[in-house]
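You will see two complexes here that share subunit A, one where it goes with subunit B and one where it goes with subunit C.
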Partner chain A sequence: MTSVLRLEARRNITPLLLPVMALLLWFSPYGRSLGDLALWARRSSALQESLLGIAPFMAGVAAWTASRDGRGQTLDLLATTPRGSWRRGLYGWAATTLWGLLFYALAAALLFGLTAREATWGGPSWWAVAVGAVTIVTFSAAGHALGVLFPGRFVAPLTAVGSFLAIVVGAVVKTQNNPYGLVTPVGTSIDPDRAMFYKTGPAEDIVQLLFLTGVTAVAIGVLALPAAAGGRWVRRTGTALTAAGIATAMAALWLAGGAKVNVNEGRIFIPHLQSTPADQEISYTPVCDRSPIPACVHPAYRRTLGQVAAALRPVTVQLAGLPGAPQRIDLRLNGPSTPVGGAPPVLYLEPPLDAADAGEPIRGGDAQQLRSFLVTDVVTAPGSEPTAAQQAVMLGVLAVAGDPMDTAVLPTRGEPDASVTAAARRFAAAPAAERRQWLGAHLGALRAGRLTLKDLP
Partner chain B sequence: MSAVPPFRLLRLHLASRSVLPALVAVGAFALALRLTAHWLHTPGAWTRTVPLITVLGAAAVIGVTTWNPLGEVEGTAGHHLPGLRFGTVLLTVATAAIVFGAAAAGSAVPGGSTTLLRQLAGLTGIALLSAALLGARQSWTVPLVYTLVCARAFDLGWASLWVWPTRTGPDTAATAVAAGLLAAGLGVIALRGPRDNAP
Partner chain C sequence: MNVEINDLTRSFGRKRAVAGVDLDLGPGVFGLLGPNGAGKTSLLRVLATVLPPSSGRLRLLGLDPGAHGPRREIRRRLGYLPQNLGYYPGFTVCEFVEYIALLKDMPPRTVPRAVAAAVEEVGLGDRARSKLRSLSGGMLRRVGIAQAIVNEPELLLLDEPTAGLDPEQRVQFRTLMRRLGERATVVVSTHLVEDVGAACGRVGLMLDGRVVFTGTPDELSARGEAGGIGDAPLERGYSAVLAESRP
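Moving on to the complex of A and B:
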């Protein structure tokens, strides 16, 4: 058996396509993720997304291999051998699948090896790896079945392009919040950034694994049903595989059909696999710097902490120690809506995830926005429109921090009038000690909206 | 030895290239486009990729039709072969264009018929050139790889001429590239035929 498999592996055309598949891997999210911040969730997701380039080729190659005997018109000759056509064909399928799995394993090992050196929190998603491996097995099995059943000149291209189309249409369906799209292994519905803060669980992966396993069983099983496939036991095995495969795939579709998908928010809820649709936060110990008001980030974003703290420092040095000012700034996704709360008071800010994920420095507009949100949350009450005095102080503090007197990032409707800008300039021009003394005495009243422009220094 | 009547010669040539099954396959991809069109109204990389894959299917099939089951013997049978090869490919491309034009008419296919037909022409050209370089049976691999790269280009917002299928609407440069590829593919296949005739 091993010698036949070795022979098939040597004759297989997959090794010729491995450089092409490596090139496609580089163009896929896999290649791009290597330049981004090393987050396990994002890298695991990128590995799974790379299947878009691998799976159609595996299906096409499997169809090509399976149709080889038909194309070579050697079927009659092979019918005289002791083994039935089903068992004979399985060696070719196994060889194709093993080459694909070997390529995938090497790609996963390289990606995870590099990630392990750089990542500062978490671990790989083995569920995503399993989905990838089973996807290769499934597309290879489907290609093998089509190659055996329709061994014509068109079977390889039609299988490869048809597989590609099936994957992409599944992803399109998924992006339109249709739950049946969840069985597609690419176009993940879960936001990898969100997966750093909230438990996502393997529900989507389980549905995909069930569906793919079912399709694999049907593809291999139907080939054992004809009389020429083998003896009685082969046909019985084929019947059992086909029945079990249909049942498993239907179960996966049933599980997916009950799901609630919200691709825009990057969340799904599968009632039969998950107990509650409510977000379950992941418990973690944030890492903080030693700024006057320490800035804290998720440990996965530890590499960005210095940049975040540097971006906030021009404002935190002005506000540190003031009554009502926060004693810690926690950057987390969807933090509590009350900006400054708790004992000691903590201010929650949304982290600049886009820049962090892309490995870009947090400066310019991103840094200015962080400072703006910080000042706004300290100076204004939550949910209220800033008063003229609050706007002037916000603009003044930001001007001292080196930002342009730009109201675009402030939560105001329209441009503030000239008197606000003039008051802001006056506030910024005041000596630092005078500003700090005034803020210490009036921050509470300013925050409550009881001050006017005339009350400013 | 009497000459074969022209119509019969053409019919036999079309049969040897499995043109009828090829046109059925092209029709199936056009039907797939029509059936999925109602999901394609939302802008996005995935929705823009679907029409490109359907024309890739047609182009891949057209590339494989160039395979010659008779081997080298066919080349000794007369001097009509370049014309027959040219006519066969032209017939399948023209039929595919009509079928895809009809499938895209009145639907929400991103880019509309113009973009779709340009993609069909260009990818068919790549498939024909691949048939001349790699062999007819392997000709689908290069357009598939190129389409996978273009699918990624949709996602990243690339609009370079290297990925001309990502350009939508009237675009002279992209049209010139697609037309050039089709003309080159047609010319090479008509004059030289596919590279090999391995089973």
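Moving on to the complex of A and C:
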């Protein structure tokens, strides 16, 4: 058996197509993720998303290999060998699949090797790797089945295109929050950034693995059903595989059907696999810089800490040590709504993850937004509309930090009065010591909304 | 007897390609002659267990090919060269013959030597590592013969084996057939009566699905003495039998 497999593997078409597969990989999320900040969750997700190109390609290759006996008119000759068509076909399929898996393993090793050198927290998602590997097997099996059933020169391209459409339709269904879309191995519903802060669990992966395994079993099993496929033992195996495959795929669909999906928030809840919809928060020790008000980030974002701290420093130097000012700024996803609280008081800010993920410096609009969030949370009480005095102080502090006097950054419903910008300019023009002394004396009253524009220096 | 056929028929829809054939064959080379559409290839495919018979009794190598287990055993001991040999263009000569040998359940450790011997036997030793796509039609035919004999079959079925071979190769091949026929049953379907005369101990002539003559080549030649058409005695015998058998 291994001798035939070795022969099939040596003469398989897949190795010749590896450069094409490498190109597909490079132009998939896999290639793009290499330029992003090295986050394990994001890289694992990118590996899985790369299946959008690789899996249909593998299906086409498997269809081509499986249809060779029909194309090459070897059916008569091979029919006179003791091994039935089902067993003979399995060798070719196994060889194709092994090459596909080898390619996938190398791609995963390269991606994870590079990530291991750069990432500062966490580890790879082996569930994503497993789903990817099983997806290769499944698409290869489906392609093999189609190649055997419809041998012809067009079966390979048609299978590849059909597989691509199937996987795209599945991903689209998933984006519409349809729970049945969860069985699709691409278009992951779990936000990779969210996975840094919350344990998401392998529920979606389990559903996908079940579904893919079921489809694989059906694809291989149905080929063993015809009498020509082999003897009684082969047909029994085929019947068992087909029945088990249908049952497994149906079980996966049943599990998925009960899920509550919110792709936009990156949340899924599969009641039959998860005991509670609330994701468990991951405990971690944040890394902080040495600014007057230290900025702290999740250790996975350690490489962005310098940029975050640099963006906040023009404001933190003005606010540090003031009564009511935070003693630490913690950037975390979906942080608590109370801006400054606890003992010592901590300010939770939503990190500009998109910029950080893309590996771009946090500057310009992102930096300005971070500073405005900080000033707003220090100067105003949570949930209240800022008063004119609060708006003027916010604009003044930001102007001193070097930001333009842009009222669009204020959390107000309407356009502020001209008197607000005038007061802001006056506040910004005041000597630094005077501003600091005023803020030290009045920050509490300002925050409580008891001051007017006339009270500003 | 390696081949026992009683009243065997094989139909495709309404057409009876093989219509009540009786034949018993032991070791030796048996030539199967007949015009196009006579049913030679269909009979060979039935003997090769590619097609099941529609009716009648068939035993090969003392076993019933209708049952799965015996059929597998027959296939292990069978060699078959189909009329149109399909092949994998990317395989080398050795790889293709090795592939068939392995599918015939030959013990893997015996395969390399058997493959080398079979390839050498058909005169392709110097092209053993050539890809099949690079070979001429005659060479491919020899590859087909090599894969058919690689397992030293007890029943060897050859459908037009000399088609595409040059005269020198055909002479070599006849020698090979005679040698194989010393211990195995070799059934050769051919249009070329000179092949039959040179290599076959017995000959059968098919027409419209029936075997209308069996005997030695000399007996067939004798049937043409009364006035057959052709340059050689065998050709005259062949045409005479056909003329007598046609309604």
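Note that the second predicted complex is superposed on the first by the 457 of 457 C-alpha atoms of A that agree within 3 Å, B and C clash if a C-alpha of one lies under 4 Å from a C-alpha of the other, contacts with A are read in each partner's own complex, and residues count from 1 in each chain.
By definition in this document, contacts are C-beta pairs under 8 Å (C-beta built on N, C-alpha and C of every residue); 3 or more make two chains touch, one makes a residue touch a chain.
Worth saying up front: this structure is predicted, and the values here are computed from it rather than measured.
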* Fit or clash - subunit C, subunit B, common subunit A -> fit
* subunit B versus subunit C as contact partner of A:154, first or second or both or neither -> first
* To do: Figure out whether A:52 sits in contact with subunit B (first) or subunit C (second), or with both, or with neither.
  => first
* Asked: Once the shared chain is lined up, is A:99 touching subunit B (first), subunit C (second), both, or neither of them?
  -> neither
* Asked: Does subunit B (first) or subunit C (second) touch A:232, or do both, or does neither?
  -> second
* In the overlay, answer first, second, both or neither for which of subunit B and subunit C A:69 touches. => second
* Touch count on subunit A, higher of subunit B and subunit C -> B
* Asked: Rounded to a whole Å, what is the shortest Cα gap between subunit B and subunit C in the overlaid structures?
  -> 9
* On subunit A, the residue positions that both subunit B and subunit C contact, one per complex -> 72-73
* In the complex, go through subunit C and note every residue touching subunit A. => 45, 48-50, 68-69, 72-73, 75-76, 78, 80, 82, 84-91, 95, 98-100, 102-105, 108, 111, 147
* To do: Could you pull out which subunit B residues touch subunit A in their complex?
  => 18, 21-22, 25, 29, 32, 36, 39-40, 42, 44, 46-47, 49-50, 53-54, 56-57, 60-61, 63-64, 67, 136-137, 139-141, 144-145, 147-149, 151-152, 156, 199
* **Residues of subunit A that touch subunit B when the two form their complex** => 17, 20, 23-24, 27-28, 32, 52-53, 56-57, 60, 71-73, 152-154, 156-158, 160-162, 164-165, 168-169, 171-173, 175-176, 187
* Going by the contact rule at the top, pick out the subunit A residues touching subunit C in the complex. => 2-4, 7, 10-11, 13, 68-69, 72-83, 88, 231-232
